[in-house]
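Given below, in the form of structure tokens, are the structures.
There are two complexes below, and they share chain A, which is joined by chain B in the first and by chain C in the second.
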Partner chain A sequence: MKRWLLLALTALGLAMAQTQVRISGWGGPDTAVVSGLLKEVVQRQLDRENIRVVYEPIEGDYTQWLFNALSAGTAPDLFYVDIFWAESLFATGRVAPLDAYFSREEVQAFLPNLVQAFTYRGRLYGIPKDFNTLALIYNKDLFDEAQVPYPHQQDTWDSLEGKLRQVQTRLKDVAGLCLVADFARFGAFAFATGWKPFDAQGHTVLDQNFRRAFEWYTGLVRRGAARFAQDLGEGWTGGCFGGEKAAVAIEGAWIAGFLRDKAPNLRYGTTFLPLDPMTKRRGNFVFTVSWSLNAASKNKEAAARVLKALTSPQAQQWVLERGLAIPSRKALAQNPYFQRPTKEAELNRVVFLGSTAQGGNVYPFSFRGLGGDWMRPINEALAAVITGQKSVDQALREAQAALDRLTGRR
Partner chain B sequence: MRLKASSLEALYALLLLLPFLFTLGVFFLYAFLRAMVFSFTDYNLFDPPRWVGLANYLRLVQDPLFLTALKHSLAYSLIVTTLQTLLALLLALALNRPLRGVTFFRTLYYLPSVVSTAAASLLLLWLFQRTGVVNQGLSFLLGSLPFLALGFVLFALVQGLGVAWWRRRGRALPLLDPGLAWVSLALALLGVYVLVQVGWVRPWEVRVDIPWLTTRTTFLGLPYPLWAIILMNTYTTIPTFMVILLAGLKGIPKTLYEAAALDGASPWVVLTRITLPLLRPVLFLVVTLGLIGTLQLFDQVLFVGGAGGAPLESTITLAYYVYGNVFPPGASPRVGLASAAALVLAGLTLAVVLLQRRFGVGERGWS
Partner chain C sequence: MEKARRLWVRLAWAYGLLLAFGVFFVGPFAMGFLASLKANPLEWPFSFRFAQVSPKNWVAAWRLGLEGGGNPWLGGMVPGREVVLEVAYFSPEGQEPTLLAQISRRKPGAGMGAVFETPYAADHVRLEGPVRVEARPAQLGDREGMVYRYRLRLFYPGEGPVLERVPLDLEVPRGVVLVGASLDPTRLERRGRVASWDNVVPGLLGYVFHNYLRAFRETRSLETGESLFLRWTLNSFFLAALKVLTTLIFASMAGYALARMRFPGKHALFLFMLFSMMVPAQVTFISNYLVLKDGIFGLSRLFGVETLLNTYTGLVLSGLVGAGAVFLMKQFFESIPREVEEAALIDGATPLGILFRIVLPMSTPALGALAILTFQGTWNEFFWPLVVLTSPREIYTLPLGLLSFRNAYGQVGDWGLILAGGFLSMIPVLVLFALFQRYFVEGPSLGAVKE
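Now for the complex of A and B:
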């Protein structure tokens, strides 16, 4: 009896000596990934330091939950921050700067544009855990059936459009591409022309470069190379692609998991987005998520150690090998995983390289804290022109007026 | 000291009401007061609230999106409440008759109300796509107009000739004699079939291609996507109100109808002098619930705007405006502004319900 009591007291003492670090991210498929990562890599590293990680995945609207929790003082020590709303969150002062916990060398091990994405007013507020860019994914069977050569990385907007039109003409019930009225896809083409979302004064100007990309993109439906996604009963290009309603999709590596479930036998290949025929450059978005530290955390030192373990080379290698996400460390570019002859490895390689010089003009998916309000006028202009309700002139004039009101240009 | 019986009763009542009073106090009264205070500040969830007076309310009045949301909420509420009350009443009256299999029909007509708003919205998206059932149905209808017109002309011709022929033989047939009408219809259909086979009539090539959801085009001042939501919501809320009205109809004493029948009252007189006056308390409930429910329209706006791709200006309502400002995608919360809008919505709901109570259907049955 005495021995049991002694053991129990020792266990209690050990538990009390342990530092607990709470971490949170969104739920869904991520839950299995993070749980696996914690169990197989992270917790083992932390056991020696007596740190216990408690993982709380959030189902439902993560952003709402996090903003509420941070405001109420109940947020975990470490949490995901999406680049789309990072700036608004960092501006609140509820996220701790990480400069004190990470040396310059440690930070330099990550891809610079990702680090830049989580740098706000000269201070680093998040370590990128993984990222995505856009790639062009094509259905090999449909291209073979239509006897059209596969898209490749030398394709320009015009040559790709020619291929899409041929597929759509020859296969009748298949669209070349299913087009979405969304800046999250169209923006990459606007960037290719050299256009930037904001000028030096913080204003958005829909100039001639933007207009050229806009006319090409919205005209794809009229010229018989694409169909509007909503007309095919889909909300994203991956949905059309998985259902073989379209021969090409423009998505990131997240499409791999969807295709694994929806169409496991689909033969697909991946290449880069096409080049602007005038600038001979392409454009792309970086969609990325960081691990960030709660400014009100009582265990900042321990949390920073957990953060390091979660983004360590071993942790990122573990994630990469399972084909779950594209890790954010520079050194992984040379990883043998990317050279494997599988469709998913090819997709991940192209998405990884999309953030480098090969991606062309690459910008983070972030709009100076204006978020969805900034994208809305452009999305509506895209929809109005694609569905033939407005001329390009009228749609762009209205979008410009709305953006001027938003950014205070007039 | 012994408590009086009445005090003891009051104490018990208070004890039993306590859980309800607690939730009412915390989740309504406290929340309401907090929202009221926040509506006069620039609160963003993080920084301490700073008093800004009436600035949020002034900003609301100047925000075109808020004015659109206000207009949509009011119009939507008025149209849907009217439509759903009238149609639910008609349906309840029909299902209150002693018909064979009426229980089956009561179940059947109740079914739409058990569909969740998410599923109903998905259905709405399918129906109103550019290649959806609505556009295809309209295309078919317009394409078949030559057949319909020809059929109508042939029917009128045959019926006219038939009536004339019988009248000449001394039988005073009415113009739309049912027996003859069946024969005329059959002959008209045969005529259309023959003319189609010969190739004299062809269907029109009509392709209705209206983008119902991804548009800001308006009809009678309201955007198409909002009309689609109006149709869908009316369809899914009618059954619930039909059941309530049916319960009300069951409560009307049968003796009144028997007396009316003895006096030889027409169905219209029975409806307007007996049924409707005695149904007033239930109608009051239905209209009030309808107004409150419709003013808080939110889910469909989210679905039709998200998956349906409808522009925000075409579907936004006050409830969505409040939500959109508390959690703007990618931007900082604007809790002060949202609180002001929420209070406007609450005030509006109260005003509309009071107005309807004063000028609309009263709750007293025999007044």
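Now for the complex of A and C:
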């Protein structure tokens, strides 16, 4: 009798044993990070609770896939949400608020800027898994060869421009910076002036502050401190930097992986973006991604546990030490990894601090529900002025008109 | 005179057209292939003279691979071996340069390679030298100076793992120029100051086709450690072969029934089939997806399978045979004279017997063409597998694998690997075309009817 009871209990136990939690994110380099994280940290923690994590990385257009899957009811329990389109997704009600699963203390352990980015109408919809900000990365050899001091964190736009101009003049075959016509880079300078993408009414006004940053940025080529990236046959500042075509790059920590393959011996240093000479502040973007919970998930409790394990201090430490991404917990600021004397650790430290007070006016890389449409008029204005097709006046006037139509101003 | 002129004009047209075809169709393949061999595939302007096509380097790579790991093809280094590398530097002032050599700890920056902990050569291989073996006056361009030749000895003592690659960096002061090396470096960095070898024991294939080798070596499953690229290739082969088989069987059976048999609703069926050919896959994929998601209306649950998504069963079941294939076979069977079958009928053969013993043996050209078209179609199929197969990565087909390559490596500008993967995926189709091209030349009307 006892034996039967035991057998029955075992069978029952097996039946109840494992809760499956499906998680998804984009493919590419993240596949390696998440698979490694699951195997070495997360699954071990969850084995005790009989939760099995099934990871499905999505190759191809992740955003489209996610929106389709959420409507078809096949979406996983946990998934990535990029800050760039987070708001439009949260507005659909397909994402479950996390306030019930995370205590106030647990949430406060994450960087406030990032938590704010995933808060929508007062409720928390995602736990930031990692993030990036922009930093100024400089090629030490080129500055040495041109006998110009390295850029440092007290540099203003003007002093940095002076250094870049000197490098470009003395070395001839190297640009100071290779300039891109992209708000994802230029925006940081506009923020430094105190300009904000949206005013209280939700309108975008390209005011005098914006104009000042715009004139400085687009004039770099004309003043001999930069060259247009396309003229150097590159699409991003990192490409120019890796090929030693430019002395500095304005990128995030993602450039480290690129340089590891492209130029493993490059001697580079990293510092903060320059200060606006008038406000004495700098600006920056936060690029971030969260783990969010599917509102239609059948096992939300288990999924929330997986979410906690994925963003636990141990998990973030694992990610950090491999130099794969910058985790999102406040406590990591004191992490010994950032103090290591390597170029990658320095890069990661500056990028990490870029989201804090040292980063100055930091805003998430997100533009309400408008996404890329909002950036387009500004990018077009940047390109038109850098290539000399339009005057600053004309370009800004047209951009303002396009933004007015988009945000419903006037 | 006029005749000769016309001949020349005609020749010029023919060669001009051939040349244009060559440039437009073969050119990109050739350039893509050459670029996939380069260390920097984006090199601009494109040069046709690079390290991987120089016979001197082939010989050196062969020798170094043989000395380092006993494997002249794939290279590597095993305990107890040593290799010797020579480099020559030009120094303008005639002053001997300081040469810093080190075996660096290098790790791939992208893809699965960035996560795997592989043994570092720096922990096992000892570097002796550089030892100066020669110094002689020389001229480089219009500059007078000295050329110094150095020898570096890499020795792997004691016990240890087999090393797939041994990277090496040589640094010299500014102004000193590398003028020769037994094996050309993978890249020059820091404005020519650092010569960097990704692998000094590459072996011939490892040097010339290093991106191809990386495709197999660097993408591995985190669970089992096996090569994912190899797995994806095998998956694609398996699926393509299976689909060729089912298509040949079902298309010939259905085609034969439509061509020769009389049954009610035959025309309606045929029209419906034609109609199904005209509906684009994008229209039906959502319903197909939902059917697979529920395991074909729950039928698969009878076999204990909850859903057919992420399974080959689902992928194969949803594409056993295409209407186009049935149509092709039907048209072909109709071109076979009825008398042949009637003779068999008189001898007492059944319809199946006629199909398999008489009609099909006469249909090799059509079957060949169908086989190769189906194979190529399945091999290159992208959209549907992308929808059905999402995880684990081990079940991907090759095109999906290549997409994940592009996502993982394209982001960091590592296009060599992506080009190599693309090229590898093209080979089976090329081979198939070379083998089966005569079926295309003969055309479906030949073969069956011999007057």
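Keep this in mind: the second predicted complex is superposed on the first by the 395 of 410 C-alpha atoms of A that agree within 3 Å, B and C clash if a C-alpha of one lies under 4 Å from a C-alpha of the other, contacts with A are read in each partner's own complex, and residues count from 1 in each chain.
In the analysis below, contacts are C-beta pairs under 8 Å (C-beta built on N, C-alpha and C of every residue); 3 or more make two chains touch, one makes a residue touch a chain.
Please read these numbers as outputs of a predicted model, since none were measured by experiment.
Once chain A from each complex is brought into register, does chain C clash with chain B or fit beside it?
clash
One more residue to check, A:R322. First (chain B), second (chain C), both or neither?
A:R322: touches chain C, not chain B.
Just chain B (first), just chain C (second), both, or neither: which does A:Q64 touch?
After superposing on A, A:Q64 lies in contact with chain B but is clear of chain C.
Does the superposition put A:G27 against chain B (first), chain C (second), both, or neither?
The answer is second: A:G27 touches chain C but not chain B.
For A:A383, is the partner it touches chain B (first), chain C (second), both, or none of the two (neither)?
A:A383 sits against chain B, while chain C stays out of touch.
So, A:G233: does it touch chain B (first), chain C (second), both, or neither?
After superposing on A, A:G233 lies in contact with both chain B and chain C.
Where does A:T74 make contact in the superposed view: on chain B (first), on chain C (second), on both, or on neither?
Only chain C; A:T74 stays clear of chain B.
Between chain B (first) and chain C (second), which does A:A200 come into contact with in this model arrangement: first, second, both, or neither?
Neither partner.
Please indicate which partner A:A357 is in contact with in the superposed arrangement: first for chain B, second for chain C, both, or neither.
neither
Considering only the listed stretches 260-268, 386-394, 404-412 or 422-430 of chain C, which one runs into chain B in the superposition?
Stretch 260-268 of chain C has C-alpha atoms clashing with chain B.
Would you please give the residues of chain A that touch chain B in one complex and also touch chain C in the other complex?
Touching chain B in the first complex and chain C in the second, residues 233 of chain A appear in both lists.
Contact residues on chain A for chain B in the complex?
Residue positions touching the partner: 61, 63-64, 67-68, 70-71, 84-85, 88, 91-94, 181, 228, 230-233, 235, 366-367, 369-374, 376, 380, 383-384, 387, 389.
Provide the residue numbers of chain B that touch chain A in the complex, in ascending order.
The touching residues are 44-47, 125-126, 129-131, 211, 213-217, 306-309, 311-313, 327-333.
Okay, in this complex, where on chain C does chain A touch?
For this pair, the touching residues of chain C are 44, 104, 106-115, 169, 171, 174, 187, 189-191, 193-194, 196, 222-223, 286, 289-290, 293, 309, 386, 390-393, 400, 403-404, 407-408, 411-414.
Give every residue of chain A touching chain C within the complex, in rising order.
Listed in rising order, the residues are 24, 26-29, 31-33, 35-36, 39, 54-60, 72, 74, 141-142, 145, 233, 239, 242, 244, 254, 256-267, 322, 324.
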